[in-house]
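Below is one structure. I have some questions about it.
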């Protein structure tokens, strides 16, 4: 059976989530591997959410926010850009394939971009295969002396 | 030229006496005798008579900036700082944990410090590799010149070259050893949260038992919290009883932050910590 | 332990077609803490709402999950439902299985399994939700209207008539906007000035309206119900309190400026009123055209002014007004067609843009209403080119909606005022308004020639110097047409005002890709924006004609009224708070907050948050290393739990 | 008494592995540690003392008690049963062997019996291993100060010591006797060896580490007396970072936390080491914390070990292994503090 990755999406309420809705309203088709968490602003995303998502078995994480300059909260995404850039570097240095984490600016009017990004990202994560490095095994590991 | 530790020690004592006597400060944060010569301790002089217990030698590695946040705001403090420590002081001033006017900074130019556990010389591999403090009021010794300038990030090349799977294997092996004694965060001058995120139950950010995933969560998040703030003093790694090379990861993050945001931690009092700052023209390339 | 009720909506077949809804409800019933799980055809319908309400009572539910359309659609609906049933309204969670599942896949397997994952995430999240209480704040009873065109005028008058005080801000020295430039309005052909100027005058006379002409908004602080808006009064160099509008100054002035009102077709004085019916009827000095400002001498106006109203020392002044709501009606510009070199605008004197032609028809215009070319001759053949820059993927994809109609109006007026042949080059004729089709039919009868084909190029005529050739493909006959004319009228795309980006930034409005302000919902909230308390009306939202603009203005006035009519208003409860026990006093929250909501309490040594200023973005919560900040409704544990739930299956 | 060639320890190790689980010192990055042995060649007795104490053999850093599945319909919870093969804890230094007796007080000696500790203790045969009284002590340890000899067999089932290139093994308990007689890779020791063995034990008693011996009751009393001298405690805790390094390496620190680790619907309730130096150690559910200051915590640690423990159980809760001193990031030396206290 083909590998179907689990992808976590974290989308800001005002742009990307609305853009995702627009993709739906215009009946654009995209892969169903993405599961979206709605937050009010991309700046709400605590980097640990992303580390945790990978630990919980996410094969990829896609973050969506307003275009820089268009943030509903003025500057939220500008902070988010810096923080998520660091998150990316940390993941990469820890050995996670950089292709598993992506930040995209998708506005409320870019339903088609949302669908395109999801399609492309899903394909990319599929090629990378299952993410096993951070993933917590169900069985608690052996005791440590 | 070599460092005259004895001279620094004498000057430290003279300055400490002067400051305490004049009432300019109420405490002096420096180094004192330990259970033997090779094991000096961080020391707080409050009275003139305390000054005699002060020492300075090549094993005085502790970053005294770590203790600054322990005293009530407004306490007048003199602090002995080595190069990396001085950056921690600047960073703490940036973060408004302390005020410049409450401090008398006694700068110590050094090289050739030694790790008291291993006896190894501490150089740019495990610290920021500077010889002179970035900020000071009085310099306890001659400025160091003529020593080779080595980038503190050179040591990273080997790890950056690694294949990502190998790098993961490396970090997994290292972080799996962690016993969660939290000496790293306690030795860190920039880790002043109490409680630390990992100690919290709501939310529970990560497992509390010393196993792979909890260790990973603790360390990765800590690396993130120190992004743009770590001054590369290397204390976390020296404090670690199981010798995890945390400094490597901190250096990597510091290097990336410096490249992306054009600012190194603890260099200028006027700077704003990089991750609570932005420029409108930050490039989207940093996300690629 | 919570008691969760899960309600899965079929949305007719919208959801049920691609998601096995009964299986989803069955799955939900196996999840921890779920007490009841049901599916129903239309959850948002009255029976659906009643079902939820009665289940809350019957099963003592304390958390509700509705798997249906987007929360942006019906979250408020279901909040009300559970509130009426006695639950705190924040205890409802919406699972978006329509816009983000059933509408984006055809595969029933995939759709159903994704819906299950999303639902599981919601259950994890719902268990940790906390009831939130709203806070109430005082509301400033006044309203600001930005833009003094027909939309702004209409909205201001409507509001003022209800007894509310209105600040009408206009950046030009007169109100009236584009409508004041028109000669006739379609389809009735009544005189534009005749219907507009009484309204302009009514604004001037209205005791509840403070007109702020020659003003710009420079800073917006505060929040819905309590905006503090700083307005810059640009220096007019004429003291309007002293000026008695004798206009002697404008007669003597030697300066020459470009007449904006006449679309640059003629010059005006440096001290001027834009047009005779301008409101206020008091002049301003155009610094760039004034001889004194350019050369340092002149001051003729000062000499002739008996009122001593001329003040060359005047500076820009700033004032701050407090309002409860704002209506933005900043209107439009016509696209600059110069870059479309194929149409020769700016190159051939015979090529005109639509607004210029409006001025040619107008008896108060540069030609006193006579249609003559720049050389004074009357045109013999006129081509009106539709859709210049609009309906054009290379420029603006949108239809500008009014061009077909005003082009017909132009044709009629050309026929009335000249003996020229008039040709319409159109892609499609769009006449969907009341009386529009009838107007179209009437113009067809008036011997206007319609060529179905977009004007492709305007070239110089090789045979007849001074004339032009319009090239187009007649898509009905399939023939390529080269038509010699001596006047070309371009109908350019309507685009947002050049400074609408600044307005968007000041008021936190989102814009679409061309800069039109985004409405909160295209159908159900077309006048509201994502920024609470800011409403939009007129063409700044999208191209539209006068009747639609006026209707929107009235609507926006009513929307604004819903806010300022109350003494107090409820604020969103989803703000942030600091847990002082965890605060490490790093003050990151204070450094990052765009609204200045957090502040440092020196005495306690911790940060605190002024919740009235907080907009609930959660930025502070994520920069807080000690997790001391609780972003209500999006707390760390709620988000983490949701992620865990989403990743389980 | 038996003996074997020091070179052939791996044979002995292999034989023990055949009988059960062998836990022995292994050389690692940061020093030696007791590990479950999978390859007999890993066993390495060329160590002074291990980084972490051997207490983890009975009191692991994490011990799972209950595993559960929070299934919707049933709470499927199961107690974790220990099914242990015989365990051989190999190479325990005399001071560490002494620590097990102190720990027994808490886990099985005072009424409440911890079944996990008890089972592990019962399953385990301890191979003590003498310090060499001929080589000087490490600068950090002070076991002799607490009346523990460098070669005390007490606490071990079998006691080992190095003699030249041979390793002598003497049974101390009947359990050790039974095991020793079953180990075929060993040969009988000579009379000389037996003499050497006894002599070394005696020499071990006169072997001196740091500090002179002080009566535990005197220490306990003194600490009690100065408990409220805040100035003293503040001074000695000026350097303390309040990390958990000292407690985690300590053989007699037994504090733990119970926590639940969950993933999706599955979870485990487990015991994890805790440290009295952590701020949240005494954090109460109300939010109140009786020990918010570093000096309060360090005072508690010192007084607990050297005073309260003596008053309650008649014995100091410290064996002088020196691990806390060796691993302190800021070189705090626990007995120096006691020493200073005595001078107060």
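As written, the chain order gives the labels A, B, C and D, with residue 1 at the start of each chain.
The rule is short, and it goes like this: a residue touches a chain if its C-beta (ideal position, glycine included) is under 8 Å from a C-beta of that chain, and two chains touch if they have at least 3 such contacts.
Quick caveat: nothing in here was measured; it's all calculated off a predicted structure.
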Most central chain, judged by mean C-alpha position against the global CA mean: A
From chain B, the most remote chain by mean C-alpha position: C
Chain B and chain D: spacing of chain centres that average the CA atoms, whole Å: 32
Chain B and chain C: spacing of chain centres that average the CA atoms, whole Å: 53
Centroid distance [mean C-alpha coordinates] between chain D and chain A, Å: 47
Residues of chain A engaged with two or more neighbouring chains: 47, 52, 56, 69, 75, 79, 83, 136, 140, 144
Residues within chain B bordering two or more other chains: 194-195, 197, 205, 210-211, 275-277
Contacts with two or more other chains, residues of chain C listed in rising order: 592, 623, 636, 640, 644, 648
Chain B residues touching chain A - in the complex, by the definition given at the top: 159-160, 164-172, 197, 205-206, 210-213, 216-217, 220-221, 223-224, 227-228, 249, 252-253, 256-257, 260-261, 274-280, 282, 284, 286-287
Complex contacts: residues of chain B adjacent to chain C: 73, 95-97, 192-197, 200, 202-205, 225, 272-273, 275-277
Touch list for chain A against partner chain C, complex: 6, 8, 13-15, 17-18, 20-21, 23-25, 27-33, 35-41, 43-47, 49, 52-53, 56-58, 66, 69-70, 72-76, 79-80, 83, 107-109, 115
Touch list for chain C against partner chain D, complex: 30-32, 34, 581, 644, 648
Partner chain D, residues of chain B touching it in the complex: 32, 34-36, 38-44, 62, 66-67, 70, 116-117, 177, 179-183, 185-187, 194-195, 199, 207-211, 214, 235, 238-243
